[in-house]
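Please see the structure below; I have some questions.
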Amino acid sequence: MSGTPLLEVSDLVVHYPAGKGKVVHAVEGVSFSVNAGELVALVGESGCGKTTTAQSVMRMVHSTAGTIRVDGRDITNLSAGELRPLRREMQIIFQDPYESLDPRFKVRDTVAEPLEIHGVPREERDARVHDALVRAGLTPPKLYLDRFPHELSGGQRQRVAIAAALALEPKLLLADEPVSMLDVSIRAGILGLLDEQRRAGLGILMITHDLSTAAHYADRICVMYLGRIVEEGPAKEVVRNPQHPYTRALVSVVPKRDPRLTTQPQILKGETPNPVAVPSGCRFHPRCPVAQAQCRTDDPPLSTARDAREAGHRSACLFT
Amino acid sequence: MSGAPVISVEDLHVWFDLADGGELHAVRGISFDLHPGERLGLVGESGCGKTTAILALMGLLPASASVRGRVLLEGSEIMAGGEDTISPHRWKDVAMVFQGAMNAFNPVQRVGKQIAEAMELHGTATGRSARLRVAELLELVGIAGERQDRFPHEFSGGMRQRAAIAMALACDPKVLLADEPTTALDVMVQAQILELLVSLTRDLGLALILITHDLPLIAQVCDRAAVMYAGEIAEIGTVHDLYADPRHPYTRLLFAATPDIYGDDLVVSIPGSPPRLDHEPVGCPFRPRCDAFLERCDTVAPRFRTVAPGRSVTCHNGDPA
Amino acid sequence: MRRVLVVLGVAVTCTVLTACGGGSATTPTTSSGSTSPGPVAVKEGGILRIGTGNYIDSFNPWNWIESQSGMAMYEIYPALVQYDHDFKFVPDWAQTWETSADGLTWTFHLQSGGQWSDGKPLTADDAAWTINTSVKYKDDATANAAVNVGHVVSAAAPDANTLVITYDKPSATVLGGLGEMPILPRHVWEPLDTDGKGSGLKKYRPELHMPMVTAGAFTIAKYEKKGTTVFKADPNFYGPKAHAQAVALTFYTNPNAMIADLKAGKLDYLDQVPFKAVKAVSAMPNVTVDKSAGAEFTDVTWNSNPKKKKHRELLDPAVKKALAMGIDRQRIIDVVFEGNASLVDSVVGHVAGYFENTNLVPTRFDIAAGNAALDGLGYTRGADGSRVVPASATEAAHPMAYDVMIPTSLDYDGDRTFQIIKDGWAQMGVKVTQVSGGDSTAGYAYETGDNCDATKGTGYEKFDIALWDWVPYPDPDQQLSYMTKAQWCSWNDTGYDNPAYDALYDQQSTTIDRTARKVIVDQMQQMLFDAQIYTVIANEVALSAHSNAWVGIDQKVDAYSKTYLAAPHEA
Amino acid sequence: MGRYAAKRIGFALITVLVAITLNFVLFRALPGDAVSALRCKACTAAFRAAQRHDLGLDRPLVTQYGLYLKGIASGDLGSSLRTEAPVRGAIWEAIKNTVPMVTLGTVFSIVFGIIAGVISAWRRGTFVDKITQQTALAFYSMPTQWLALLIVLFVAGAVGLPTSGLADPSIDILGDASTWSILVDRFQHMVLPSLTLGLVLYGDYSLIVRSAMLETLGEDYVLTARAKGLSSWRIVWRHGLRNALLPIVTLVALSLGFVIGGTYTIEFIFSYPGIGYATVEAIDQRDYPILQGIFLLVTFSVIGFNLIADLLYPKLDPRVVSS
Amino acid sequence: MKRRGPVLQAVLGEWQSRIGLAILFVTLIAAVFGQLLEPYGIDQQVGGTLDPPSSAHWLGTDGGGVDLVTLLIAGARVSLIVGFAGAAVAMVIGGLVGVLSGFFGGKTDAALMRVTDYFLVLPDVPLLIIVAAIWGRSLQNIVLIIGLIYWTSTARLIRAQVKSVRERVYVRRAQALGASNTRLIFRHIVPQIAPLLIANTVLMVAQAIFLETFITFLGLGDPSAISWGKLIENSFKDDAVLNGAWWAVVPPGLAVTIVILACTLVGQSMEDALNPRLRVGHLSVRRFRVRPALRERDGA
């Protein structure tokens, strides 16, 4: 894991107007990187800014501040035209496989579309579509080429979406909740497929709210709360040795498969505050079970956690 | 489980008329008992008939449906007369929290009024006493009583779900049916709601049927679970037994397909997809996806048999017959 | 004066300034069930209920538009003279009158004893004031009545019953003008003339100040502009008293509704029956349809502006005469008018009677002759059968294809008339397209153009052909004036500009001798006919209907005299 | 709520201003001006010029616009070119006949439209639904003027109601009829035109209500209401119609503004001298000030009804204010 | 494997829309091959005025003595042309405004929608009268007027649809791939809203035919075009009611009603098929059935 990271996000800030002169602080100073052959999971509850972060990386929303580098190149302020060739490098798959395919496109057309957009010659396309389908586990491809999305199962659809994303042989893949809409029984297949691509050298940024999935498949986990990364580190380390009080609570309430493992869930009161009115100091302090007076005023930076057992385990808490 | 069950379901079937004249056999003969204070989980993939079964218990099936089977509520049969025999018990004895409770409230009426509506209708409380009772219920689910004069859109998702639970409790039901009550919610709010449901069964002696596709959730909340597949109960038993000693390959595979936050084991998916139910399946419906099938699975449908007290399974494996 | 101002096919009997009806004594085509009131015993009282498609918009003689207003003012204000049954002038308020030898001074001897409805006496002073005021502001506030006091220098009232009017030229139209001049109560109106421009007079709305001060056969008991107006017989009237106790005049927006009410016995009299309804109304029991030669005639109007730029071939009378042969007038009369019209070829219409030039013979429908004539003119047919006008000094060669403007406000079916004309012309290789100004005034603007200016000689450029109608007066003076240059951009709708004609017009208007005047008038009609500035199609029959419970309704004179409402009585 | 109302009113005011301006522009776009259409004995070029000067037509457009705005602000819509009577009075004369007739027809259509639509949606798929819906569709499909003609041709005689005018021409000629009999007579004359209007709108409204109700009845809270044990009746009125009212109110408000302009054919066939008739008459006579006045009136009523609907909305739907 | 969308299925499957299609088809045939079917000429006087129906003239004659069957067939042609062309104009303007507004959002949207709002409050009858007065009476002007009056509702409908489709994940995915706006609009969005656009057009055809009769009745129609509206107007002008000539009054209006009804049936069933919210109904007079219990258990 040396050299230039595939994706490097530093101090990303995204604000939206919320009407009446108010501002949604969707993302507030987020930094992380993804290397080739690495799967990084952005984990958090809805409204924490993880999807906005991913969308800014794809330049689907405009960032307010900060830089986004892909393969060392700053893409933050590129125009749509300048960006187009770079889009070959990074692809995205979405949460809803029912929605992410144009119902009027056959599998062939869906997978060929990125090739078409990026000017891959017509005669090459068939072969590349074929390859992409094989890589996505849709074999034999000819069984699927002429089907419409409604003729496919949810898992197959997500595989088509992945095939389309892989067709251009990108270096970076963003996966926005890739399995949350799928039945449990087939999730592992899709995640396994992503894992395979990662091992083949693809860098993957996965957005998820499911800590169990993240723990299982990610190399590193970034836990987000209200527009910030509050904890970051190797996946297993973060889950088994959470440092930030928010991560601790989160891990404690994830239902465990084993009914005998009934740890006392540490349930936080209330709900995540509105990102329009971000609390002062540590943004977690109003809900934090261990908050102290200092937390109201001081906004802790992400720094190496005190009880970290592995390198790169950082947490944004004054007291851990 | 000791004592008389509060509700027993015997060989419940549900069919839907299809537009092309055919029939969809959505629930194919399920049976289970539920005791007071007990929490039963109903788990399975989408389309396995969980929700249909619950709607049948509530008598809320659409006109295109037909049912067969017996539902005994505290020993008396309520299914025979269809909606007419069920409706007197609705909300009074059996209440329900719907999937996506966000939409369970009429957006143009105040929350309190909608909760009170059922009380007034069933004569439990009216006017001032209804208001007091509503406040009480809201407090019970963790919402300040004076918020009953708010409109649904002024509540957050979690609060609306709590209010929906309060609404379900309005007439002191004996059984609470909760259909994916936490699907759209964040994990923290989910934990809050689950804790609430658990405490309600504990404190009020309410029997709960919790429908979900999330196996760990059942494992954490319920006493017993029924794993449904293709409109049948594949296996029913205590959550401990199901986890530790699954008798049905589907149960076992389902656990294997579910990642655990601390688990290191390989997560695998179950190949294939559930059968369509617009034609009666031949043999065992799980046969195409099964990793432990027998020869007869192709032709003979396994029966739902009791293998241990409180433990039944629909599988040829281990069936001497 | 006119182009019928009507709304969407609803016909009016008469238009601006009460003309129409009537007809020459020589061409009665009537099957009238009523007779003129004789000395037989008359039943007094009762309410005569009239249905009309034209409403009373004003009781101010200096500011009114709808023809019904003109008629209403006859009934409520005094007038010096009126027409009799043969369109001769007979006494009204003036019992006798004489003219000075030079023809410049007219003295009227008025009937005494008249009084206004507010009790004030009616005297010659009222008449003198009305006439003098009309003269005083004739270019502005009282322009509406200017034509009635043409050439008047002043009027004076040497005593209560004598009126003396002085003219600057001898005039052939003195009585015609004065007969249409309602006399107003000076004591009511004079105080309104405050600004020296007469604008107060023009703005005054007597109907808004009930009870109105009147001195006619009737007073107004109730006025609803588009509802019912009630005329109540005035017992103090100086002339023959009305027989009916009251007359109710109800406005209808469509004739069907009116006829339905007649059938239901809610009306006694309809002042106009649409052509298409004659059959149905005739079939009603106890209802008589009255037919008399009407004033209105319909015509093809040709743009005759000598300076027009396009389609100058249409200035050639020979072309127009050839095209006139392609108009199947009899079919138009049969289909459009259901037979209730007669052929006519003079622009003064049958109503002019004595003054109609009967030597003019309507052009016969003859496609073959028309074709031969066009062939002879060198307008040969092209490959597709349509005729082509060869190139000339000012215009390139072009097919004979023209737009015909049809106003929607005709009281007969203009679309169908057009269809018949189009049908005939198509057989002659001439293509016409119907256009519509949408309404009469828009159509008028279409004809004259917005840049119309008589002094600069601009205007009359847009249109080639229009289909329209006129409702002339019994006296031909006004009708003949419409073709003069003086009427450019006003009532002249053809752009005709002929100094010789204008000179003849001036000559006839000061020729007091009837026979001598007819010679000139005949000559003018011939001149217009030869130039074909109009191709007259048909003279309508005036149609009205009344319940047999009433007699004494005589629509021939209805619009010209007080007898219209005063004479009818219950049978 | 205050903020919301202020916003809606503000928008309505801007719309009014735009409408007023458009009105000005539109009428200046018509071929010819008011004076070029004048025809009279004395309409010489000099007279026309004087007339143009009097009306301010010879001034720059901006000045004319200013004068026009000033006039409207002071409630002065000008005078009819033809009769020189104030436009306000002329319009009032027409509108006072139209409004009662339209009101009767509209009330009829709303009441029966809602009842039919609700029953139809409730009994979806049944015979009653089909009959109701097809009838509504049929009325919705009929050209208004044709329906009016049919009513005159086939219905009027059978029911013995008058087909023409505002009032019986023979009533109260001598001022001797009682107020009551005059009112009865007026009402009788109103029935058939109102019925025609009502039937056409009925078709429209009941279809709108039906589909709004159907959408509402598919909502989850209706299922919840059923689960709570509410009677169908109560669900339909308390939960169904209450929510379906939202789209209905908007559509009805929008259509109400147009109804006034749309009564023309009815007024014409039933010889009912109202605003529709006045409009066409004004066009026929090129009476621009009257046309402008009518145009403004109808536009204002559309804007007004929309504003009423907008202001009613928060009462019907509490979500409106907060979003 | 041929795909049959829910829309096509609804249109071909339901009896209402089948009847509607059949009516439209017959009318279309009459309009296209009308001249072959017309027994007489449309200007040809074949009898007296307002003659009652006879064996030679099944629907009698009109006020000009022209055979009414002939006129009715000729009217189909003009009415359908006006209907379809008017609807097409409305669709093109409204579709364009709706797509631009919905797709680009922001200022474009705000500006376009403001304009639409203003157009929406303009009273249509006076407007069409004024416009007709400016432009004159001709068939193509009527088509334009119809388009001018009806484009607003289309624009709003399309805008709403485009807005929602634009947010659909597959559109955003294509966008993330670097697809140009043109591609997004024409490859992804327009095909998706096409069924609704077609349904709306069909309904609009009905509206246009309706409006044509209205305009014609106001005397603003093309005077030389024989449309059904013109026939209704003629029957009124010819005092057919007064003469008891129902045969001149009833058929043209009935033809309009039937065609509008047909369009509405087809259009509505398409719209209904496109509206998933209508498919669910939680309130029904009918209820689910209870099947009798089996005598014996299946002894499997």
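The letters A, B, C, D and E name the chains in turn, as written, and every chain counts its residues from 1.
The rule we apply is simple: a residue touches a chain if its C-beta (ideal position, glycine included) is under 8 Å from a C-beta of that chain, and two chains touch if they have at least 3 such contacts.
Computed from a predicted structure; not experimentally measured.
**Student:** Work out which chains are contact partners of both chain B and chain E.
**Tutor:** Joint contacts, listed by label: A, D.
**Student:** I need the common contact partners of chain A and chain B, sorted by label.
**Tutor:** Both chain A and chain B are touched by E, going by the contact rule given at the top.
**Student:** Moving step by step between touching chains, how few steps can get you from chain B to chain C?
**Tutor:** Each step joins two touching chains, and the minimum needed here is 2.
**Student:** Suppose chain centres are the mean of their C-alpha atoms. Which chain sits farthest from chain B?
**Tutor:** Computed centres place C farthest from chain B.
**Student:** Weigh D-E against C-E on C-beta contact pairs and write down the one with more.
**Tutor:** Between the two chain pairs, D-E has more contacting C-beta pairs.
**Student:** Distance-wise, how many Å sit between the C-alpha centres of chain C and chain D, to the nearest whole number?
**Tutor:** About 38 Å, centre to centre.
**Student:** With chain centres taken as the means of their Cα atoms, state the distance from chain B to chain D in Å.
**Tutor:** 54
**Student:** From the C-alpha centre of chain A to that of chain C, how far is it in Å?
**Tutor:** That gives a centre separation of 89 Å.
**Student:** Round to the nearest whole Å and give the separation of the Cα centres of chain A and chain D.
**Tutor:** 56
**Student:** Please output the residue numbers of chain E that touch at least 2 other chains, ranges allowed.
**Tutor:** Touching at least two other chains: 133, 219, 236, 241, 281-282, 284, 286.
**Student:** I need the residues of chain D touching at least two other chains; which ones are they?
**Tutor:** Chain D, residues with two or more chain partners: 31, 152, 219-220, 223, 226, 268-269, 280, 283.
**Student:** Where does chain A touch two or more other chains at once, residue-wise?
**Tutor:** Counting only residues that touch two or more other chains, chain A contributes none.
**Student:** Identify every two-chain combination in which the chains touch.
**Tutor:** Chains touch in the following pairs: A-B, A-E, B-D, B-E, C-D, C-E, D-E.
**Student:** For the complex, give me every residue of chain C touching chain D.
**Tutor:** Residue list for chain C touching chain D: 1, 3, 5, 7-8, 47, 49, 51, 57-58, 63, 65, 138-140, 143-144, 146-147, 202-203, 205, 221-222, 225-228, 230, 245-246, 248, 250-254, 256-258, 260-261, 264, 266-267, 408-409, 438-442, 444-445, 448, 450, 452-455, 489-491.
**Student:** Of all residues in chain A, which touch chain E in the complex?
**Tutor:** 58, 60, 83-84, 87-88, 91-96, 99-104, 113-114, 117-118, 146-148, 150-151, 161, 164
**Student:** Tell me, which parts of chain A touch chain B in their complex?
**Tutor:** 45-46, 153, 155, 183-192, 209, 211-213, 215-217, 239-240, 249-251, 253-262, 265, 267-268, 271-272
**Student:** Please output the residues of chain E touching chain A within their complex, sorted ascending.
**Tutor:** 1, 3, 168-180, 183, 187-188, 191-192
**Student:** Could you list, by residue number, the parts of chain B that touch chain E in their complex?
**Tutor:** Residues of chain B touching chain E: 11, 13, 15, 59, 61-70, 79-83, 300-301, 303.
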